[in-house]
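Look at the two complexes coming up: subunit A is in both, with subunit B in one and subunit C in the other.
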Partner chain A sequence: MKIPGHTAVGSKTLRRPHEGPWAWLAAASVALSVLMLGALIVLLSVKGLANFWPSTLHEVILDDGDTVIGVPFEQRTLPGGEGVERRYWIANRDDGGGIWRWLSVPRLASDQTPDDLVVLERRHWGTFFGRLVAVRLEGERLTGEAAWLAMEQRLKELDALRQARQQLTRDDILPLIRRMEREPSSSETQHRLDDRQLQALQARAKELRRLQQGGVLVLENSQGQRQEQPLEEVLDAWRPNAMAWYEKLGHWGGELWQFLSEGPRDANTAGGVWPAIFGTILMVLLMSVLVTPFGVLAAVYLNEVAHQGRLTRLVRIGVRNLAGVPSIVYGVFGLGVFVYGIGGSIDRWFFDSSLPSPTFGTGGLLWASLTLALLTLPVVIVATEEGLSRIPLHQREGALALGATRFETLTRVVLPMAMPAMLTGLILAVARAAGEVAPLMLVGVAKLAPQVPVDGEFPFLHLERKFMHLGYHIYDAAFHSSDVQAAMPLVYATALLLVVVILVLNLTAIFMRHYLRKRHGAPVRR
Partner chain B sequence: MSIDGRLPQRQLSQASLGSRRGAVMAFSEADTCLDIQGLSLAYAGKPALKDLTLRIPRHRVTAFIGPSGCGKSTLLRALNRLHDLNEDVSRRGSIYLDGHDIHDSRVAVSELRRRVGMVFQAPNPFPMSIYDNVAFGLRLQGGLSKRRIDDVVEWALKSAALWEEVKGRLRASAWSLSGGQQQRLVIARTLAVEPEVLLLDEPASALDPISTLKIEELIRTLKPHLTLVLVTHNMQQAARVSDYTAFLHNGELVEYGPTDTLFTHPRLRRTENYITGRMVG
Partner chain C sequence: MSDPTSTNPLYRSRQRRDRLATLLITAGGIGVLLTVIAIAVFLLVEVVPLFWPGADGMSLSALWSAPGTSGEAEFRWLPHRLEEGVVAQASLAPLLWGTLEAAIWALIVAIPLALGAAAHSSLYMTPGLRARMKPTLELMEAMPSVVLGFIAGLVLGPWVERHLAEAVSVVLLLPLAMITLALGHRRLPVPVQRYLSLNSAALWLLPCLLLLVLAAVQLAPLWESWWFAGDLREWVEQRWGLDVQARNAMIVGLAMGFAVIPGIYALAEDALSDVPRNLAEGAQAMGATRWQTLTRVMLPIALPGIFSAIMIGAGRAVGETMIVLMASGNSALMTATPLDGLRSLASSIAIELPEAAPGGTHYRLLLLAALALFLFTFLMNTLAELVRARLRQRFRRSRGDT
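Moving on, here comes the complex of A and B:
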């Protein structure tokens, strides 16, 4: 506040010329970090989320009469100024060529966006761009707008049938098959009963499958060639050019929801990532449950129990250095000790009947969580130890002077006070574990495991199963898919999702810490 | 000190304060609460207490004074074996509480510390509610009903003259109290486990003058029920509240006697120099 007659004396900004550069340097590095972080999030969001937007389809006629239907993607100037090229996503992989096409911009004779252009998402061959000519359904042949309406109606029915069949497989058939595999030695009558039940279920699945058949679309591609498309292969259809913005928004939301809630298709280049989200979160939670007690107990021993001599110092230095060991080394350790060593032994002792196919002797959720717990153990130990050593001596003495034993002092005063520090350790551990991919490749992550490791079948949580992971999904889609260009938007979207998942996990822990701090009172400054 | 139907306010009138003046160490063997016999203590080989022998009277306030580093806090902490936590401390000599050696292997240290309570220089309430702080020691003993704990908490807070200030917010965090209130809460917490001796390690040195006065008043109120041992830097405080004063210097007991005598007619030149401020502490 300005007081009349007074001049300001102090200033937080650096004013004298020779002080300036340091402040600028410091400010610049902060600005750069924030900018880079912001750029990363913006890039991921824009590239990832734009993927689900129904982009406008262009029908382009070249000067030689060739027609192309596609979505313009990028544009570049040819070297030497020989003109401009534009890349179109033309889809229609079944037309023989690729799904991309470079067109020379000066050669474009016309560029229109007709309303009747159709996008189909198909189970095989990916996306289709073109026109809908007719629908043949139950002997009838419909054309024009009637065809479109009939197709939309049928797609809804197909979706319901597909879900019913999936549910039947997931909830009834697979559990039964697993049970029969697990108990091959059960009685003859039981076996026959199971067999009959399985046959009934499979017959019902077949019936559902049969109901999906029938119905053919007659399509026309950009060249005017007709082709027939079985309707049950079509997952979704829309006419982007005819959609209003709110319809597009609805479509975008639907696509996003599918991405979050469904399993992958087409070798991980399309479809959703639900199993990967679930696997990532479940693995991180399991890891937290495993690492926290171990880390806290180790820190308590090092800080409260052990004689503070040379050996303890050496152990402490060792623990701190373990935090710097490359994660793939932990992966190798996990593979050797957990998977082959412990897992192999468990198989020999308890799952002898199903050998040589391994149960626990192969990578799985439990071993991946354990490996990551080991990886993050140093972080938790160091953070907890720091928290313990920050608790003032007079708090401990206060408890001791009331007749508390050392153990009571520890459990009733010291550990509750160190809780925020433990959670800080856990936050760091989660942040590190959720992003690890390298060790997981060795100990349990799978390219495709559409069944999430939790279901209604005893023991509900299947620790021995392989699982999907967002980080590995990114790697797989970006490097191992048939068309990296086509998978790119999905990679961006998955990367964004991974960041969001880690953020959510961390925020949960931070809120817990905040709550605990509030419950135990604000720290007194002396 | 017991809580049943004997609140401090009632007993204050019965306290006999008159006999103090004439007492030149005039308390008998039976009136001795703590008997320190030839106690020597060393930190990592460095002597901190040198062959101390003194008797501390029951239901009186005994003050330890002396310059910084003279060993008065060390002596206080020896009385409830807080030094046991430090591996570097070595000891010779004995301390008897009501005639029993506190270093006897049959003595449970936690039980000793319950009987010999301690209040520290800086208020150290636990990061819990006011109620939980006072109930902390009781819950350690276990087996007490909820109602009994309620009663004892109320009694302890009343005894520490804090009840009126906190009775409406027992569930509030103890750290929300002022420094003086926190110190009285710590005293209440200690009183709740019904100790026989209360050790006070400069209990008012971190407090403002008004809070200090309240603590001193509290010490006087508690005297009829408890043996109090007070370490203080503040000569006036020692003169105001204590019945006996021991002057320590360089780990030795220089002079020990009734407070009035020690402050008005010190026998030794060293004592006189210190209490008149000529010796820089």
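Moving on, here comes the complex of A and C:
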């Protein structure tokens, strides 16, 4: 029988009709999206983590006898096929030239990786590649392997001394000075006592400083030129070519830890990101403290208290749409209202003495947290409302029938049941806030904050200070540093850190929501 | 008979507490909602003096095109001249154009990918795979825009500038290969066909696509030397007079497309899944393929929902700051060439507002830009939300009928 309007089905086998090319393109678009996401994460992980691996040093001799010590970075074919060039990182900024050098690959006469090549991490002039000739320590001159051992020993001592001095300054000297500044009018004897204590402490710091001095490294660069390097300037030294894989792994872990726990050096192109991690976490914590009560309050009002009429529906749509308003607009609002408006007024009323230099009238931690709290408010409201609407009506009716008041129903029955939803909303809000950079550029992020917003001085948490942020650190290091190529590894590592933090937060939220849906079923839509 | 509880002091205190709490919640809730309205009010109040007839009052036409040095109107954004007191050249036109251009390129990248993905996952994917794929795509949305901007501006942009042929090769080869695959799939032996089925295509296409991309990159120098004398970039420059910049509108579009895809995908997928199942099943029972079901039955019904998804995506693309800031070169140009740089409203605000003196003309101009962004995205989202609400109501009614 022939069915009109129907494509003929083969008489022998009943086969599914083919879907045609569009269906395949649709399938490919899913795969392509996932592939892009995967490629991005893999790129960040590889580049971000490889940065800390002690890479092999090459000693290259060109056909004209020129010697270069460096790490090969990338290779490019010149346009028109006129040969291949390789870029080496040759470090040694104090030698005059740049820290990069392009070498024509066909011109390389020999390429070796000798074991005695040394990498020094220095406080000034960045990294050094070369050879260690000798160590002069307390009048002695050591060469060869003895020199290396003596240097390693001395570096450990120096590290301990440096930490002791830092601790002394941070925990004893600075608080004392601040106390003396704050209470200049205390009694004469007290003042003299303080003064004597300060002098003793400063003498101790000076002594520690003196102990760090002494000790000189005699180094030889790739050209065979010798130079002297004061040992106190050296932060770390290693011989990558002589290391076994487990030593390299240990070194990698150490470098990674330094990245996470230390402050930046060299205009944010080297060192670690600890202040940025700290600033990000602190700002997000403050924001959570601000946004959770208000978000929940608004959601409870919209869902439980307000009359469910046309107006409430419009307000609900409006709140939901605020989530789509660009973050930069919130930044503008924060700058105009919080910083210039409220902050300016606070300055005029309470900090009149320090004007015209602003205290609260400039971007700071408090204003940034407030702005981001406003930005994430819709996220929390929407998530909490969804959780509230998912609670079956008979739960509330049951509580009311047993004689509970509305408030009691809310606090004892409804809110505990909606708790996971609120938590999901908060996690999503934190994830969104941690990745936002644009509004922060207007309300208080700093390229390099001189002081951490939390310290031992009263009131311990300094809401008016500027702070560092991981996302802004990426933007700043990538676009405002003098040598972008040198900063790139660090930017990759910072980006990886940020992405990992945000992905972990989001995955937690996704799993929680999944669990919630399984437990409570689909939301009741209004 | 009198109610024994009404005279109970405990009962009365509970009632009082209840009333107090309700009052507090109402006050708090309304307070929060008013704060939200304050954003719009603040922007309006700050922008209005700009048009006040006075010393630095601006007219709408001056905002559009400032008088140029040679007398005719020029579209220039040179706000630092405002402070110097020279003829103001602060036309918002190039910024508007840059914003639109970036958003359009982002949508060109995002719409096909997101809608394709939505169609595939609502029609073809097995439920188990779909439950895993949706959160994965949600993770794309979570990617911080500063990281996307960094990758686009400092990694992808320079790579495309140096390897233009490879990039073009990837863009051209992928769809071609997919069409070939679609035609070739039915010629495969049946067990292989069943193993590499369309239902799980999102998984097994992953390694295939990866290999295809690698192949396209490897093949690029070959055809570049055949047809373009070994250097596509130079050829483009000679033939069309185009200079390929490392940071251009296409790169911005790609990165922002990446950021916009998950939003459009999620909403479009919802719209398609909300279509009553029985309609699709009816079409398939009549012998339609799943793709025919999609285009003839589901798409017409879900179209408003899909439009609202695109509108929300457009809203996000227009307001995105960091990606444009980092990947566009930030030059305020009025060209339609996708290979030139651009500057958007949002990135201008981010760069210039901290330096603009509060209360000055430059400051108010930037606030005007912020107001424009706010109104645009708010209107877009409200419209989209209304459309979605209406659609949902219609579905509920049609479900009630059957």
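What we mean here is this: the second predicted complex is superposed on the first by the 428 of 526 C-alpha atoms of A that agree within 3 Å, B and C clash if a C-alpha of one lies under 4 Å from a C-alpha of the other, contacts with A are read in each partner's own complex, and residues count from 1 in each chain.
The rule we apply is simple: contacts are C-beta pairs under 8 Å (C-beta built on N, C-alpha and C of every residue); 3 or more make two chains touch, one makes a residue touch a chain.
Just so it is clear, the model here is predicted, and its values are computed rather than measured.
K.L.:
Of subunit B and subunit C, which one contacts the greater number of residues in subunit A?
P.N.:
C
K.L.:
Looking at A:408 after the superposition, I want to know if it touches subunit B, subunit C, both of them or none. Which is it: first, second, both, neither?
P.N.:
Both partners, subunit B and subunit C.
K.L.:
I'd like to know which partner A:252 touches here: subunit B for first, subunit C for second, both or neither.
P.N.:
Neither: A:252 stays clear of subunit B and subunit C.
K.L.:
First (subunit B), second (subunit C), both or neither: which does A:394 touch?
P.N.:
The first partner, subunit B, only.
K.L.:
So in the superposed three-chain picture, is A:416 touching just subunit B, just subunit C, both, or none of them (first/second/both/neither)?
P.N.:
In the superposition, A:416 contacts subunit B only.
K.L.:
After overlaying the two complexes on chain A, where does the subunit B footprint on subunit A coincide with the subunit C footprint?
P.N.:
Residues 403, 405, 408 of subunit A touch both subunit B and subunit C.
K.L.:
Where on subunit A is subunit C touching in the complex?
P.N.:
Residues 3, 6-7, 9, 16-38, 40, 43-44, 76, 79-81, 294-295, 297-298, 300-302, 304-306, 315, 317-322, 324-333, 335-337, 340, 363, 374, 377, 381, 403, 405-408, 410, 431, 434-438, 441-442, 471-472, 474-475, 478-479, 484, 488, 491, 495, 498-499, 502-503, 505-507, 510, 514, 525.
K.L.:
Would you pull the subunit C residues touching subunit A in the complex into a rising list?
P.N.:
5, 14-15, 17-18, 21-22, 25-26, 28-30, 32-33, 35-36, 38-39, 42-43, 46, 112-117, 119-121, 124-125, 133, 135-140, 142-151, 153-155, 162, 174-175, 178-179, 181-183, 185-186, 198, 201-203, 205-206, 208-210, 213, 230-231, 234, 258, 261, 265, 286-287, 289-291, 312, 315-316, 318-322, 325-326, 346, 349-350, 353-354, 358, 366-367, 370, 373-374, 377-378, 380-382, 385-386, 389, 392
K.L.:
In the complex, go through subunit A and note every residue touching subunit B.
P.N.:
It is residues 307, 392, 394-395, 397-405, 408, 412-413, 416-417, 520-524, 526 of subunit A that touch subunit B.
K.L.:
In the complex of these two chains, what residues of subunit B are touching subunit A?
P.N.:
Subunit B reaches subunit A through residues 80, 82, 85, 87, 110-111, 113-114, 117-118, 120, 122, 124-128, 136-137, 140-141, 173-176, 186, 189-190, 193.
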